[in-house]
């Protein structure tokens, strides 16, 4: 017997809604748990004071600075490099052996576990290049880790811009590079931003890579050549050795708020950029 | 000038392949000798991992990685894609604008947080309701599925939204229901983007270390059910690297080599599957 | 247009050049007044605590404390990326022969079970049988009819090696054991499973888990100190070659009575 | 340059997509300031011909072109600055492609690729080109609103204005009115007639009546061959080839 399309639709919608509800529910549970457990212990002094007494006392100011610096370095490297790669793949070449190789490399890199990036960064940046445990070593290693995410999302975003936009620009005398910058990139920004935001998220949450390459110094870093501890590492150390669960969750809560602020800023910037481009 | 730009972009595009090559070179250099010494067969198919006694068999970890990744995908992909479809096609734009950034936010929650929550909530739940030690394949798959959700949902929504509106209108105009339109028109049109999200999510699942260490129990025995504890290849590296020296350390790098091939095969399979299916 | 791109390329080249040369000088600047410790994650928080106090009187130096594990401690001390390596191994590995070890403290190991578990003590033989898997049900120890879930540290960790040598001897750990790679997660895992048994640093036992006696002796730092409780391992600071005055001063500070009392307060056993 | 020399000479032009021919050894001239209508059924090679005239075909990897096209006596295949060629030979597409920006930005998009322009110069260009494309009166009060709010017909005239703004000598139209209502179509045709004073125009169309209305001369393409090119009146009344007659009278195609 054939089921009427309307019935199928009702069943499908129901299933989709259930899936959405459980996915969102699970995620809300995680955030809610951390915020509920952590925000109680967050205060102004917690945000501004140095880490004292193995993390049981004082605040997490050095970890906040460390996190921001690390994100700045890693995204500052990975975003331009990744977007440039995506432009090459989507706009400057056609499918062939070379793109297949590059794409394969990107896919594999996406699957390389973070611990391997950590060991790689430890040997290459910390030891061979002599950068030591530093924000720079950490940022470079993290950049390598988030590169595939940025490339894949940026490439998808570029490809989703209608071909006709490119034709129009070219027929008006745009060079290849102008076609990209004037009639493709502006419309791919939302998608590219998704990738960058996911990349920021991964940089912020990563622990294994950071411990091996940026170290976990408790002092506030004053330059990219100093060792630094990120909030994720701080949480990990506090929770791992069972030092202070309160401060661990408070750190995680601050971490979530930081991501919230970064993401909101990014979205606001994007909307400002896109205003006037969309139909009213 | 266009030539110069083209060259620079090519250089950028090659960087990720170059990084991959560097990483490969470095773990192969450390890992291959021990595999050669103990024999590839013995290394891959050995069931006994006692590095301090010179026993390096990683079969249980290969099985562990496979089970957990598969489990995470089985739970995470339908859930994530369904969530994306619902948000992109059936809910009001206002909800998408709130929920999509909210879900992306979750990509930034440290995996160790997920791990701790898993140990404190999920593992006891599974132990009491379903039996076994709690720290198990099932628990790890659930935690990883939740961790991959932000990647899959977020990228899939982008892919669905990038499908031209005219496709949808065309299909609806032919008398298709909304669901038929989504299933027969939008979904195939967005599949490349959705697949990109799934591959990235899968990469995250295979590559995840810290959370898996906490939640999977890390037993070195071969599992018999989803309620048994396992150790993944990544966990094996991360859990012991801090203390490993000499041959033990080399064996961990060799685990990395196998992991490397493992990821390449999975990627190849995913891409082939994507080509054949549609 | 062309000139603009060229200018951009030139500018970015210079930025890169400055960054690279800066990184070189940055390292040079750093090593002069920075002491870097790296290694054992178990000792890392204690080292941080000591560094914090050290800096109160030595404002002109920077002390970086890095984790990574005891193996990283040995490697870093050998490679020179850290002046002081930290390791909590019962016996130091072959490659550490060239390093100078200083025992700065000892760490006791307690057997722990879920607070609801009625078990109060294990004899040495019982402990061995439990951890090798010969006894795999709590009813064999007078408890409820439930399987024993062993939760152990990972192969190679200082705690695990000490436990292996001191409790298991030549026998092998049960193949059904679960593993966690830190004291904190062992505690959580045991606290969340009534059938579990594990072992962790005495200093980190709290009311979420129950410490049980081993061979008739209560696990406590006093008993480790007076030699009646056998499960403990040393913590080493490792240095390579001649110690620089700055490094020697720091190690002397760690060995000083005040610092040793701090370590004792935090749950470690002083070296002296 | 005397008016008797043709503006464009197409000689033995063959276009292949991979191994499939789209145009097969076609030769003809285009005169100064005329409107040449090109008609023919689907797959006759009309659109490929247009794409060859401003070398947009070079953007399609599998396309290959042999033969030559002379613009003012110069082979466009040898022109190094292909962007300049495309500014001289403008193009209006079948679908109105308004870029997602304001009306003003759409019009000035092409010029801004070449140079920066001052506000008042921009205003002048916007007004003159929009007047030429018969759109000015409809949009003069909302130049800074999104172009996507315009109707299809308005968008197509905006596309024409955008093409005019870069100052082309030749304008190519690829079925510009296929999606438009009769009123918009009439306006576009009116604009084309006015533009004859300064521009050479080639109109590819599926609509033979449109060719009859605006074409000075008409060319009939069939399966990649040029069947006939002659004055429009002659093509529609006494064509020399029976196939042309069949097509224009609606017997096939």
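Letters A, B, C and D name the chains as they come in the text, with residue numbers starting at 1 for each one.
Just so we're on the same page, a residue touches a chain if its C-beta (ideal position, glycine included) is under 8 Å from a C-beta of that chain, and two chains touch if they have at least 3 such contacts.
Everything numeric in this text was worked out from a predicted model, so none of it was measured.
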item: Distance in touch steps, counted as few as possible, from chain B out to chain D; value: 2
item: Farthest chain (mean CA position) relative to chain C; value: D
item: Centre-to-centre distance between chain C and chain B (centres being mean Cα positions), rounded to whole Å; value: 30
item: Interchain centroid distance [CA atoms averaged], chain A/chain B, Å; value: 16
item: Between chain D and chain A, distance of the C-alpha-averaged centres to the nearest whole Å; value: 47
item: Junction residues of chain A, two or more chains touched; value: 162, 175, 239-240
item: Junction residues of chain C, two or more chains touched; value: 41, 67-68, 72, 185, 188
item: Numbers and ranges of chain D residues touching at least 2 other chains; value: none
item: In contact (per the touch rule at the top): chain pairs; value: A-B, A-C, A-D, B-C
item: Chain A - residues contacting chain B, complex; value: 5-6, 8-9, 12-13, 15-17, 19-20, 22-24, 26-27, 30-31, 33-34, 80-81, 84-85, 87-89, 92-93, 101-102, 104-117, 119-120, 123-124, 144, 147-149, 151-153, 156-157, 159-160, 162, 175-177, 190-191, 194, 197-198, 200-202, 204-208, 232, 235-236, 239-240, 252, 255-256, 259-260, 263-264, 267
item: For the chain B and chain A complex, residues of the former touching the latter; value: 1-2, 5-6, 8-10, 12-17, 19-23, 26-27, 78-80, 82-83, 85-87, 90-91, 99, 101-114, 116-117, 146, 149-151, 153-155, 158-159, 162, 164, 176-180, 183, 192-193, 196, 199-200, 202-203, 206-210, 233-234, 237-238, 241, 256, 259-260, 263-264, 266-268, 271
item: Chain A contact footprint on chain C (complex, rising order); value: 22-24, 26-27, 29-30, 36, 38, 41-42, 44-46, 48-49, 51-52, 62-68, 72, 79, 81, 182-185, 187-188, 204, 206, 266
item: Footprint of chain B on chain C - complex, ascending; value: 1-2, 5, 9, 41, 67-72, 74, 89, 93-95, 149, 154-158, 161, 172, 175-181, 185, 188-189, 192-193, 195
item: In the complex with chain D, residue positions of chain A that touch it; value: 94, 162, 164-175, 178, 182-183, 187, 276-280
